[in-house]
Each structure stands twice: as structure tokens, then as C-alpha cells.
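Paired with subunit B in one complex and with subunit C in the other, subunit A is shared by the two complexes that follow.
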Partner chain A sequence: MAIEVRVPTILRTYTDGEKKVSATGDSVSALIEDLEANHAGIKDRLLEDGQPRRFVNIYVNDEDIRFSGGLETPLSDGDIVVILPAVAGGAR
Partner chain B sequence: MLTIDQATYDAIIAHARRDHPDEACGVVAGAVGSDLPTRFVPMVNAAMSPTFYEFDSTDLLRLYQEMDDRDEEPVIVYHSHTATEAYPSRTDVNLAGEPGAHYVLVSTRDGAHEGGPLEFRSYRIVDGEVTEEEVRVVERYDQSTGASAPQSPNTLTTNDQEADV
Partner chain C sequence: MRFDTLIDSVGNTPLVGLPRLSPTPDVRVWAKLEDRNPTGSIKDRAALAMIERAEAEGVLRPGCTILEPTSGNTGISLAMVAKLRGYRMVCVMPENTSEERRQLLRMWGAEIVSSPAAGGSNEAVRVAKQVALEHPDWVMLYQYGNTANADAHYRGTGPEILADLPEVTHFVGGLGTTGTLMGVGRFFREAKPDVRIVAAEPRYGELVYGLRNLDEGFVPELYDPQYIDARFSVGPRDAVRRVRELLESEGIFAGISTGAILHAALAQAAKAVKAGESADIAFVVADGGWKYLSTGAYEGTVDEAEERLEGQLWA
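Right after this comes the complex of A and B.
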């Protein structure tokens, strides 16, 4: 089962510069484990204390997983996962 | 150094003034590898806050898909500070996720939102390290060479910018 994962610039140090990688898993959680197995270190950039980081967005087929079941969001063959760091900041 | 055309420079300032006292934010996209900010894309500050900005997650995805389709990248990521100087805060540095971008900060404090002198500064933020860079405002980009013609000095002195910008 192949899922296409689009990797943002800032995380391409973990994917040898690749913009797209293929991974497997029947949920976002499983997918992240598979990514970690092939691109060590990436998991820590996506999760904090086992939960998605506040300022990292993960989308499955254009839907933010915050609105579709979080890490348990199911995946199937041909799905596209996009990872994007939030664009955020401010004087606070 | 950031090279930016006058129209885009003015558009960023106008957006910052319009959204004051909330922070304004957006990007200026440009062709991948060109380092030329050509397509001004003001974004909604989903935080609607005077001290914080964040692109809405759906808008963010749409923006990146659009840039991808057009072979663009975010050449500038800009936002305003509305009560403090135009320098990256600790939050700005911690959350900076585009190592290739010019981070532009505008300050609308001290009446700058009403037309007073306004700070417009640019930085690189890579691995938590902030480096300020020169901002060069040009009338237009020379598309044939990627280089740009300097603007005549007397048009640089508007009340929008410091004379040494």
C-alpha cells in the first residue's frame, strides 16, 4: 500500500532532499512510524508527546487531520499526505 | 539582500496599515530559484490578534498547492508588529519554517499605521539564527537578466520608509 507524502523544505534534510516520498500505513499514526523507519528523526518533528505538533499541519487528501480524526485518520492506497509547517509568529 | 519592487513594497505596507492594530501577514511568491518576489499574496490572519499571526490551515494548503502548480516558492514571508519594533520575536524565530525565505517585518507602532514613518526590515531565519539583511527597493525588476535597476534616489524618500532603506 503506497501513500505519497509531500515533504516541506524544512524537513527535506530527513529525505535526502526529496520533495515527495512513498510510505505505507493504514493510519496517519502508522504512516509516521513507517516514515521514521526510513527517515530517522522525522517523527520528532511531527509529534510531541505522541500528538501532532501544534505548528505542523498534516493533510490527508486536502483535509487537515485535526478535522478528520487526528493520528487515527485512516489511509488507503493512493492517498496523498501533505505536511506543511504553520506560517505563524508574532510579537507575543 | 532583499530586492523588492516599489509596488510590492507599497502593498505590504498598505496591508499592515489596513489591519492595524491586528498583525497583518502574507507572502510574496516568486519563481523557484529566482529570488524575485513577484506575486503579492495577502493572507488572512486566522488568529485576528495584535500580538500573533497564523495562516488558516486550509488557506495555507491552498497557497502551497497554488505555488507548486506555478513553480513558485515563498520568496518573502511578511508580517507586522503593531506595538513593537520590526525585529523577529522569539516566537517568530521558533516558528520560522521557510529557511529559504526573506522574512519581512513591518512595524506600525507609534502612529505608523496612520502615515507616520514606518520600519520595513528583512531577515533570514535559519536554524534559530536571525540575520538582518539590506532591503533594496527598485522601480521594477529587469526580467531578462534577473537583475534590477536601482531606483532614482529622490523617489526613495517618501514618509513610508527611512532614507537609508
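Right after this comes the complex of A and C.
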């Protein structure tokens, strides 16, 4: 099972500069464990007290996991997970 | 319709059915035309509400200077009201926003302080907060945290939709300051809790997410996730595709953020069709496409448009 994980610039120190890495897991939680196994230290940047950190947004197929099951959001082969920092964004 | 002044004409915008874009007669999408506001965007509601509250609280008096981190619509809205009410307007915005925006702001008399492109609006917010400290007599209405912003939608946008579309099942809005979704969301939680509140969040190029560390992130103070049911990240490619589709099939010339919102609305429509459910999905047309013509979103191939938008704060 292969899940593509897109990593923001700020976390690429954990992925040898790669913007996309492959990982496995049947839930976001399991995926993060798998990421940690291959990119030590990344889990602590993503989670605090077992929950996604305040300024970290995680999307599965473009949907924010906080509304689709949180860390227990299920994953299937071919899903795309995007990690982005929370920003003020653009034109308001 | 008659109003005593331009400001009195804010809100009460049309809700327009989209028979060609709606997938079936039972699953319909409806566009709320917020470009039909005095300065052409939904921000007129928030700007007026924030200024009126500040006036009521005695914080804003004639001759005061209003300061705001804004790269466009809010600044334009505030500048218009400021001009009519006699305030000075200073906008802090990233240096890489479109020329139309800057020109419009200057035309309405606003002064612009540029913040660095890298870090986008986060940086503009930071710079504005710093400028506010240096000028304690200036008034920063602060659209990202001012509850009058959300209240404008609680009192206006939400009730208007329900009045025009009692059968509404979904509301889809753009997630920026979060004012629209918080206000409309709170309204529907009270008035019709079954309505699904869906947020469309623009996804930008890497530069905009270039923080020095993850603690530098920003979440608008207004944001309360309890008022939304789903949040979707939409990139410039889908936004451009949809905004062109909207123009081509329904004749509506909308700004690029509307493309992102429509993308999320059509995804909800597709879900309803698949589930065999009927749906009436109201979504926001936040503004018209005029200010975005120079971005290249409406010309050339979608590939070319996407490439051009990648480095920009396209919504």
C-alpha cells in the first residue's frame, strides 16, 4: 500500500529535502508512525499530546482530517496526504 | 429598490440558480452574488459592520486613521466607507498582489504599506500589528479577529439565504478570515442545524507557506471549527477550471476564489447524486473577475493559468 505524502518546505529537513515521500498506514495515525520510522523526528513536529499541532493542517485527498475523522481518518492505497502549515493566506 | 446612500445598499444580494451546472433537477447549486455589493465584494458586509461597531463603541471618531492588514477586498471596502465617513485609511499588504488591487485602493484614497511577499498575509498581519503598536491612536479593526465581521454574516448573508432558499441543505463559502463561515455557520446551527457548512480553502504555492518554524503559523482568532462540517483544500488549477466553467455555462464572471468555492460545492453535489439524495447547495460568489484579469486566469490554457497563479496570492 502506497500513500503519497506531500511535505511542506519547513519539514523537508526530515525528508532529505524531498517534497513528496511514500508511506503506508490504514489511518493517518498509522501513517504518521510509518513516517516517523523513516524520517525520525517528524512525528513530534506534527503532533502534540497525540493530536495534530495547532498550526499543522493535514488533508487526505484535499479534505481536512479534523472534519473527516481526525487521526483515525482511514486511508486507502493511492490516497494523497498533504501537510501544510496554517497561514493567513491570500487576499482578504 | 431605493436607498438613501450607497452604504445602505450593502447586502441583500441575489441568489441565482444554475440550471446547467446543477447535476440533476434534484441536486441544485445556487450562486449568491456578493459581487453585487457597493465595491463589488462580500467584504462590504464585514467592513461596514466593523466600522459601525467601532463608531458605536466610540473607538472611531471623524478624522481617525484606520489600519488593516489586507491585500484587497477588505481594504477596498474599508477605504470606500472611510472615504464616505471621513477617516484616513492605511492598508498593509504583501508586495506581490495584483496591480488592480493597489490601484483600486489608491483610487479610494487608501495608503499602502507593503510587506514582504514571502510569508504572504501572515507577514502582513505581523507588520500591521507592529505598525499598530507604533501608532496607538490608529484603529486596527482586524478582520481576522473582529466578531463584527462574522456577525455581519450571521445577521445578513445567512438569513438572506434561508429566506430565499428555505430548502437549503448545504452552504459553501471561502475560508479566509473565516468570517463568512463562522457567521453563516452559527446562523444555520440555530435556524436550521441540518444544513451542512462546507469551507473551501485556497491552496497556494510553496512561498506562501514558507515559515521559519511551525510556531509561526496563523489561525484567525475568529475561527471556531464547531461551525463547519467539512473543509477542503483547493488548488489554483481547480479554481481556474471552475471559474471558466461558471462563465461558460452560466454566464457568471467571478473572481478566482469563487472557482475554489464552486469546486467544493460541485463535490458536495456529486456526493448527493451518488447517495441518491436531493440537495440545494448555496455557494458564495465572493467577487467578480475584474481584479484578476491581469493574473492570466481567464486566458490561455488551464496549464498556463495554473502556472501563472502558482506564485501568486490568487485568492
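Operating definition for what follows: the second predicted complex is superposed on the first by the 87 of 92 C-alpha atoms of A that agree within 3 Å, B and C clash if a C-alpha of one lies under 4 Å from a C-alpha of the other, contacts with A are read in each partner's own complex, and residues count from 1 in each chain.
In this text, a contact is a pair of C-beta atoms (placed from the backbone, for glycine too) under 8 Å apart; a residue touches a chain by one contact, two chains touch by 3 or more.
The model shown is predicted, which means the values in this text are computed figures rather than measured ones.
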With the two structures laid over each other on chain A, which partner does A:64 touch: subunit B (first), subunit C (second), both, or neither?
both
Could you say whether A:15 touches subunit B, subunit C, both of them, or neither, answering first, second, both or neither?
neither
Kindly classify A:45 by the partners it touches after superposition: subunit B alone (first), subunit C alone (second), both, or neither?
second
If we overlay the two complexes on their shared chain A, which of subunit B and subunit C does A:27 touch? Say first, second, both or neither.
neither
Residues of subunit A touched: more by subunit B or subunit C?
C
Thinking of the overlay built on chain A, is A:53 touched by subunit B (first), by subunit C (second), by both, or by neither?
second
Subunit A residues where the subunit B and subunit C footprints coincide 8-10, 55, 57, 59, 62, 64, 66, 82, 84-92
Considering only the defined contacts, which subunit A positions touch subunit C in the complex?
8-10, 45, 53-57, 59, 62-64, 66-68, 82, 84-92
Subunit A-facing residues of subunit C, complex
43, 69-74, 97, 101, 119-122, 124-125, 143-144, 176-177, 201-204, 206, 208-220, 225, 228-234, 257, 313-315
Per the touch rule, the subunit A residues reaching subunit B in their complex are 8-10, 55, 57, 59, 62, 64, 66, 82, 84-92
Touching residues (chain side subunit B, partner subunit A) in the complex:
23, 25, 27, 43, 47, 49-55, 57-58, 60-61, 64, 77, 79, 81-84, 88-89, 91-92, 95-100
